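So, here's a batch of structures to check.
Each of the next two complexes has chain A plus one more chain, namely chain B in the first and chain C in the second.
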Partner chain A sequence: MGRATYIRRRLILMAFVLFGVTVVIFGMIRILPGDPAFLILGDRATDQKAAELREQLGLNRPFLEQYWMFVSGFAHGDMGRSLLYRQPVGDLVLTRVPITLALAAYAMGLAAIITLTFGILAAINKGGWPDQLIRIGFLFALTTPNFWFGILLILLFGLTLHWFPVAGFGETLPQHIWYLFLPALTLALQLSAVLIRNLRGQIILTMRSDYVRTANAKGLSASLVLLRHVLRNALLSTVTIFGLQFGFLVGGAIVVETVFALPGTGQLLIQSITARDYPVVQAITVVSAVLVIVVNLIVDLSYSFLDPRVTYE
Partner chain B sequence: MSDLGARPLAKATLAQVTPVTRSRMIRLQPTLVSGLILLGLVVVVAIAAPLLTPYDPIEQRFTEAFLPPLSPGHILGTDNFGRDIWSRIAFSTRLDLQIGLLSVLFPFIFGSLMGIATGYLGGKLDTILMRIVDVLMAFPFLILVIAIMSILGPGLTNLYIAVGAVGWIPYARITRGETLATRHLEYVLAARTIGCSSGRIMLRHILPNVIAPALIYVFTGMVLAILTGATLSFLGLGPQPPTPEWGAMIAEGRQFLLLAWWMTTLPGLALLVVGVALSLIGDGLAERRGA
Partner chain C sequence: MFARKTGWPVIAVAIAALVLSACTQTGTGTQSPTTQPSASPVSKVLRMARNAEPFSPFVPWQIDDNPALFISVNVYDTLLRTTKDGTNVEAGLATKWESTADGLTWTFTMRDGLKFSDGSAMKASDVKASLDVARAGEKSAWKDVYVAIKEITAPDDKTVKITLKQPYAPLLSVLAMFSSGILPADMAKATDAKDYDNTLAWKTKGTGAYYVEGWKKGDLIVLKRNPNYWKGTPALDEVRIEYIPDDNTRVLKLQGGETDVVDFVPFSQIAALNTQPNVKAQTFTIQQSAFIILNNSKPPLNDVKVRQALNYATDKEAIIKNVYFGQAKFMNSPIPQGTYWDKSLPGYPYDLEKAKKLMSESSGAAGFKMDMQVRSGNTNFANTAVILKEAWAKIGVTVDIQTLDTAVVRTNYRAGDYMSTPSAWTNDMNDPTEIVNYAMRGGTSPFAYWTRYNNPDLNDKITKADLEQDAKKREALYSEIQKIYLDAAPLAFIAYLGATAGWRNNVDGFFIDGLSYYRFEDVKFNK
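What follows is the complex of A and B.
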């Protein structure tokens, strides 16, 4: 199979997954026993309120028509009206997505630096004390609850040492970078914990391959072999995992935003759940799933360009 | 965060790097042993919580509020309601271990059976399962769980349902992969030749041979479930107050961060200990299989 066929198949799969995502979200509130209107409003709602909501959400129309309204609405950027803010959900969600995305991108950048530094350090000292130390350190990072770690960072670097602000995200770009450092670090450490394990293993594996032995035998310097020969190949699988972890990164960002009082999607999601603002919850779930799908597509495609040997199955 | 993708790769890497020798198989890994000891201690605390703690975890004594750790009578201090932190942490151990066990038990059984069935039978069933997996994997785990909880409402039972709705996927993927590698092996062909039914082959012949990696993943799954439970409870979607739960305790302590750092710090440490214990066991078992 050639690259073109692969890309076409990948896009068809993506279309299918998008369809599936809308079905899951659409079905979620309707599949449960009981009246969705009362599920949203709570049991104590009056019949009149419930009837209004049913009308507003189109719950009193035939099933297929409801689904069509839901999907075509999303395609046009019309995601309904927020029950709490009484404004279009699209505006509400889309103004907050950039903050969450910036946080995720920042965290990915930090994670890349941390992973490369410690992954290489662990691999070239395999079995030695730096390797053990890194292994234990990131085992802790993997199991540390991110919301708790974020609070500890606030306590230490914000409230006690006053090095970093404890909430908000600033106005200018340097301010953004400064304000978002602690939240991004919180996310990055956990992400790196997963990536370092993989990178370390891949480097060690690649070091044993024939072409690395050849490169060494040619008398190339160790650092050149590491950078040009080993790392290039070892990174391929780490990049894939990076893509797979994006969903967890977005989920983590939701929590970390709450901790650092960042006005992103996460804060909105938590507010909306407390206020039972279901249209907003629904929209955020769809938008986050679409983000994950797109990022994974980009990773898969870039993979096929990064590694010319890739066979498409 | 989970390492859904990392685990199988890490395993393959270990298997290729480390030569198989008999002595390594028998020797107990320090990783596994330290994990088991740590988890043993946690389980003892959970079982013996009423004996180990002098106070009722939800009893309020306003005259004793905000006592720092190592105060007389309150080894880990007290919270804003004067409740003993050690008692709350110890009783919460029961709840969090229960969350870890129950949110993994049903997904493990369902996922493994699905994985074996689709891997062995193949065809349409397999395609359908893989597409369902593709769709569910598109959602960020935590956001989907939060969305489900938002419909079902907060609480422990709904937490199990929400986590379980997506939690079965890793087990299905692991056992499916193992089954695909097993289904053409001679002992399976032999069983088929002597006329065993598909159900018998899957349950009696394939399952015992493919279940180990899924069982190892159970420990990662428990860490993930406990962290998810604590996160939801931190966000106010878990067990409701005054029930002691580590995530909720961390949330309660947030308002008093400078006044009483121990209110947030100590429950987090408890979470960390349980997470590390389970991860060490999982890693140790994976090493044992790989070595």
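What follows is the complex of A and C.
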């Protein structure tokens, strides 16, 4: 099977997954108790006012009709209107998606650099003190909750050293890159912790194989053997984990965005769940699902670049 | 090399995303690139970080959330204003006001030369148009407070006449509320159209110290100096307000010098901040109180002795010290510290012996189990609940703390499906009529703040107090009302709370008034 057929199949599969996501999220948020009308109108609203609002927002229509409106609207690019903000959900969500996406991608970029640096360092010093230090250090990063870790980074790099801003998003592109560094690092350090362990193990395993011994025997330099022969083979499983972690990043971004006051989808999602803002919750969930699926597809496709033997069957 | 091949999708996505977000940011129009804060020796741009973003439509009488009304009072001035201590009214757009002897007709005379922020003259007809939409407009959220008004007329450009159906003492306080902000007549009328666009509402035209050119959720809110402001030019050119939801982050930004003012400083951090060289933090007295709502319809809470026992067994000092870090005061009366607050009332001082005695004489003598539904995410409520669980156990009450989503707690107490829940109240106007009608009047929704307490005699007194014209007699009536409600103890009264804020040392004049409004008109940098 060629790559094109494979992609086509995956896209069809994606449609089914998305259908499942819409059903689950539509049902789940409505099972939660709590009436959006009272959340919008506040504690002091009368029952009559709330009833009028429900009517106005279409909340008293049959579930199936509401579901159909949600799905058919989505298919046509219309995500509905936010119950709370009374503005099109598209405007609300789509301006924020790039921020979360940039944060996740930034974190993945940093994680790639950190993983390669420390993974290789640990592997070639197997059992030595750099190896132990790296393993213990990243275990700490992995087991620390990221909202706390973020605050630690703010205290160190923001307040004490003044290298990076405390929080916010900035207004220009260079500012965005600067402002996003600490939140991206928070996520990246945790992500790297998983990846480094994996990469280290894979490198050590690969180094024992015959072709590496052959390469060494024919007198190639150690760094050439490592980069060309060992790493390329060792990376395969790390890349798989790397791709799967994108979902984790989108989830982790929710907390990190709140700590660093980034106006991304995570922050909006928390507000919207609390306010039972159904259309916004639905839109963010579906958009996130699409992103995760697409990134996983990209990762799967990248195998064939890494290892030409990989075919899609 | 592997790195090039694996790295490209990630890097491409990152770059595309950043470029895209840069585009969406610059496309909004409110974030002017011209002003970089703290560039000049004495800055004229104040940066503020706030805990929440507005969500109501930005029309004074359609506003139903604090972040929106805090902006509104800076933009839309009112005929009268609440005094800084929140207990009286003073001149706003109007400098003179008088009523006929029967209290049915009020005449307001406005200042000379009033202008909207766009330079057009403000006339009495604008006042009439705005208040008419506020009191009768389809979309007004505050119609209830204007029901006593029969007619508003504008005999000339400087005079407004308000005729009442019946005498209504709180009228002046109502006219000082944020919902009585004045818009140009055409704009005021347009806001009531079915599909009025909120982006239009954010292009403000008011008589306040500042105006806003536009705002979209997620952007900074930029208040610009109104060159036509009647009180003279404000010292600040701009106030740039950003949204930082996390309490710790907001305070860290203040400490790091990335913002000049923050609101909602956690009570626990006030003292620590004041030991630092460059920042100040303070609690301002506002008309707010914290208490536990008791469901008076659920036995044995229907027994007044049980409710009084719970009140005496409530260790207020422990809560004030441990939950509010000393930044709160003993609550001696059922209403907040505003107009007609009776400071002579005793409240329920902590007295375990009295509580035990009352309990032993009550229908709950054998002890009972009671749920306490706490809104998740509210640490103050959660900590209060923990202290009460221990305190009330001493009189045989087993408190079952249930942490629930705010939405669920609200649904439950509206439906009467709860026994107790921590809550708080803030006055929207500097007159007790609002709280007594909401929290004490029984029989109809909201059933005396959902307590289901109902005392027909008290209901009559509440009505009488609204109609009474004589200030002395009104005060006496409200004293009586407070005493009756305090004795009946439909709530477990705890503390009067304050509003907190922190600012850099070089900021002068930041002040939160009794209704928790803050205006930037007197704020300036001292260096």
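What to note about this one:
In the analysis below, the second predicted complex is superposed on the first by the 258 of 313 C-alpha atoms of A that agree within 3 Å, B and C clash if a C-alpha of one lies under 4 Å from a C-alpha of the other, contacts with A are read in each partner's own complex, and residues count from 1 in each chain.
The rule is short, and it goes like this: contacts are C-beta pairs under 8 Å (C-beta built on N, C-alpha and C of every residue); 3 or more make two chains touch, one makes a residue touch a chain.
All figures in this text were calculated on a predicted structure; none of them were measured in a lab.
In the superposition on chain A, contact of A:Gly2 is made with neither chain B nor chain C. In the superposition on chain A, contact is made by A:Ile151 with both chain B and chain C. Once the two complexes are laid over each other on the shared chain, residue contacts for A:Asp47 go to chain C alone; chain B is not touched. Touch criterion not met for A:Gly219: it reaches neither chain B nor chain C. When both complexes are overlaid on chain A, the residue A:Pro62 reaches neither chain B nor chain C. Using the contact criterion defined above for the overlaid structures, shared-chain residue A:Arg232 touches chain C, although it does not reach chain B. Within the superposed three-chain model, A:Leu84 lies in touch with chain C and out of touch with chain B [touch as defined at top].
In the superposed pair of complexes, A:Val21 makes contact with chain B only, with no contact to chain C.
In the superposition on chain A, A:Gly127 makes contact with neither chain B nor chain C.
The intersection of chain A residues touching chain B with those touching chain C, taken from the two complexes, comprises 32, 39, 151, 154-155, 159, 258, 274, 276.
By the touch rule above, chain B contacts chain A in their complex via residues 1-6, 9-10, 13-14, 16-17, 131-132, 134-144, 146-152, 223, 227, 230-231, 234-237, 247, 250, 254, 257-258, 261, 264-265, 267-268, 271-272, 275-276, 278-280, 283. Chain C meets chain A in the complex at residues 1-3, 5-7, 9-11, 13-14, 17-22, 24-25, 31, 33, 49, 55, 57, 64-65, 141, 198, 216-218, 242-246, 248-250, 252-253, 255-256, 258, 377, 405-408, 410-411, 414, 438, 445-446.
Note for the complex: chain A touches chain C at residues 32-35, 38-44, 46-47, 84-87, 91-92, 94-96, 98-99, 101-102, 105-106, 108-109, 112, 116, 151, 154-155, 158-159, 162, 165-168, 171-173, 176-177, 227, 231-232, 235, 239, 258-261, 263, 267, 274-276, 295, 298-299, 302, 305-306. Only residues 13, 16-17, 20-21, 23-25, 28-29, 32, 39, 139-140, 142-149, 151-152, 154-155, 159, 190-191, 193-195, 197-198, 201-202, 204-205, 208, 237, 240-241, 244-245, 247-252, 254-255, 258, 269-270, 272-274, 276, 278, 281-282, 284-285, 288-289, 292-293, 296 of chain A touch chain B when the two sit together in their complex.
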